[in-house]
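Take a look at the structures below.
Heads up, the next two complexes both have chain A, just with different partners, chain B and then chain C.
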Partner chain A sequence: MVILIDYSFLLIRGLGITLWISWVALLLAALIGALIGLGRTSKRWSIRFLTGVYAEFFRSIPVLVTLFFVYYGLTLLTGINLSTFVAATIALALEGSAMMSEVVRGGLQSIAKGQREAALSTGMKAWQVELFIVWPQAIRVMIPPAVGVYVSTLKASSLASVIGYVELTKTGLLIRESVRGHSGSLLILVVIATIYVIINFAISRLGAMLEERNNFVN
Partner chain B sequence: MYNFNLFFIFPYLDSLQWAIWNTLQISVTATFLSIIFGVLMALVRLSNYKYLRLCGVFYVEVVRNMPMVVLLYLIFFGLPSFGIVLSGYISGLTALTMNSTAFMTEIFRSGFMAVSKGQFEAARAQGMTNTQLYRFIILPQVFRISYASLGNQIIGVIMGSSIMMIATIEEVTAWMFNTGSINFRYFEVFFVGGLVYFVLCQTVNLVRNALGKIIFKTAAAGGPW
Partner chain C sequence: MSTEPGLSVIQTDPILRVDSVTKSFGKKIIFNNISFNVQAGQVVVIVGPSGTGKSTFLRCVNGLEDIQSGRIVFEGDIVNAHSKNIVSLRKRIGMIFQNFNLYPHLTALENVTLAPMKVLGESRKLADERAMDMFRKVRLEHRASAYPSQLSGGEQQRVAIARALAMNPSLMMFDEPTSALDPETVGDVLAIMEELARDGRTMLVVTHEMGFADHVGDRMIFMDGGTIIEDGPPSELLKNPKEKRTQQFVNSVLRPN
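This part shows the complex of A and B:
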């Protein structure tokens, strides 16, 4: 137990890295997901189909596979040596974007048709309708499930430890190696698990609170 | 430029076959176990006893908020400290089942909650025993309500089985990784492996939709097709 206190600085650093990488990945996922989600509500059949295939594709490929693909495959294809951070971020963003596209689609479809029609009938241009009428309302619907996507991304970021990126899980495993034989070697795994549970639980609660507030407003 | 050639995969198709078998085996086992445990845990979560209910909430929240890798490490590396040494397969199966059970619990809990109270009361008023009540009245409705989410969770189990390579189980992801490090044809290997997962998951999707139409005579939500 005492021995772990010496490592607490490393644990905090690991947690910071985990939060950072999942946050960057979430932002990228939100950007890609917004485009894909827009495509999924498009009037054109072909765009709807292509973006649907994209979402279904990444929904049916495990994160670990995407991660290996980006880390080893992209490096072979482009000849650029991706760092573990970049590879993990891209993989998490791709996986997250499929979930985000669902969130965006759900949000856009939750806005009643009458809103669009009313806005168009007052003489607004199509982009104005989207920007000033539909999206401000849709985003409020999207945020609670987007928090859920953040939690999944945070959990998935633990897989980056498999390609050797030193985030919270890998930090824990490395500490476990160095305190081997001491009583801390089991405890460190419990500590890591507890940190994940507390962080994710707090974030999910936040999402639930936002959802309740939405319901209250509605 | 990379020379994409699937011929490099041919010598490894035999081991791929085993890898797919292992993936299917662990996914199907974990799915069945987690459905059974999920129904039981849902009943625990809705129990009349406060402490039992709290235990259910605790289990679900802890397991759901923990990455499955960490759960696997806890079982695979942690349990031996207590003298419990599980094989890779059993630890992997335990982690996958525990994780899936947490999600199944929530799915079935919302199913149970969606069945209106009147159904319970009416069945009791008819003089049904508890077993009859659940067997003929409640569980069929719960199954119907939970059906669509059940399919999603089965896909989740298949995806989760990819993590089992850490517990030295020779499933599809492990095959991809091992074959890639032998022949350095990462692109082909990932193409084939990704295709396997895509086909597996979409099969679940299609079967779910088709079966749903037959059983319930209504369409369940599905993919882009």
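This part shows the complex of A and C:
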């Protein structure tokens, strides 16, 4: 236990890196996912098809496989050497955006047709209807599942340890190596797991608060 | 309200012209070869059994639905659901829906001021002032800051009327405005519609309220099976319908109670 306290600085740093990479990946996932989700509600058949393929594809592949493909495959194909951070971020963003596109699609489709029609009837342009009527309502529907996507992205970021990116999990594994034989070697896994639980619980609570604050149906 | 459509020979251009309009969804024909005109200031009531295309017809007038043949001309502009100018046309046509369709994330006041601000470019101050006038008109000035979920059905429909009025449209269309309401609030909404008619508003009303149609309507159009069966003064259609189908319909809705 005493030994683990010596490593606490490293653990905090690992946690920071985990939050950072999952946050960057989530931002990318949200942006790409919004576009893909929008495409999936498009009137054009071809756009719906292409974005649908993207979403189904990256949702179906294990993140670890995507990660290997990005880290080793892209390097082989293009000759560009990706850092572990960039590779992990891309892989997480690909999967996250596929999940986010589902969230966005669901949110947009949850808005009753009559809302658009009422707004159009007052002479608003299509983009104004989306901006002032559809999205403000849809975002409220999207918050809870989007929080779920963030939690799963944060957990999936632990897979980056496999290609040697030192985030929270990898930090824990490295500490475990160095304290091998001491009583701390099992405890460290418990500590890592506890940190994940606390962080993800906090994120869920934050999401619930956000949802509460945006609630207009009493 | 003074014009007797049957007798009028020389009139100003109608505000709405409907020439042999046909609407179908795929192979299913909703209505076929519909023609009639609406003069400015007229209140035209469309009645008929459910599923005869009355609501769909209103939706064609402001381009929420396209038409397959014929022509709809509003204030001299051809209505084309797929053209860009449909947006400028809709500013001049107010629409009231059966299910109100208020924006649930905005207050009653914001529901009313949104289009004047975003479409007409009014300042918030002006839009707020004018909205309060509209709320007085529908007798809801004390509810302006409420959200739709805090309002009764009748109140929501009156906010929807205020929202349409705020654009000062030259035609107001009502799509079964009282069908989703509790019986005790129907009267409030009809009273406000009657006031609008008295103010000289041009109105096209799809309704099952025969009392309102008789009392307020200048003209009644009876639709069945996707065509216009009869078109004339409401009292005529209700008391001396020419067509057998009109007779049957009138008998079925005016059952003595």
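Odds and ends about this structure:
Convention: the second predicted complex is superposed on the first by the 205 of 218 C-alpha atoms of A that agree within 3 Å, B and C clash if a C-alpha of one lies under 4 Å from a C-alpha of the other, contacts with A are read in each partner's own complex, and residues count from 1 in each chain.
By our rule, a contact is a pair of C-beta atoms (placed from the backbone, for glycine too) under 8 Å apart; a residue touches a chain by one contact, two chains touch by 3 or more.
Model, not experiment: these values are computed from the prediction.
Of the two partners chain B and chain C, more chain A residues are in touch with B.
By the touch criterion defined above, A:124 reaches chain C but does not reach chain B. Shared-chain residue A:158: touches chain B; no touch with chain C.
Within the superposed three-chain model, A:196 lies in touch with chain B and out of touch with chain C [touch as defined at top].
Judged by the touch definition given at the top, the superposed model places A:80 against neither chain B nor chain C. Of the two partner chains, chain C is the only one touched by A:115; chain B is not.
Contacts of chain A with chain B, set against its contacts with chain C after fitting on chain A, share not one residue.
Interface residues of chain B, counted against chain A in their complex, comprise 2, 61-62, 64-71, 73-74, 77-78, 81, 155, 158-163, 165-166, 173, 176-177, 180, 184, 186-187, 190, 193-194, 197-198, 200-202, 205, 223-225. Within the complex, the chain C residues that touch chain A are 59, 62, 64, 87-88, 90-95, 97, 99, 101-105, 114-115, 118-119, 147, 149-150, 160, 163-164, 167.
In the complex of the two chains, the chain A residues touching chain C come out as 112, 114-115, 117-125, 128, 132-133, 136-137, 140, 216-218.
Residue ranges of chain A in contact with chain B, taken from their complex: 48-49, 52-53, 55-57, 59-65, 68-69, 72-73, 76-77, 151, 155-156, 158-159, 161-162, 169, 172-173, 176, 185-186, 189-190, 192-193, 196-197, 199-201, 204.
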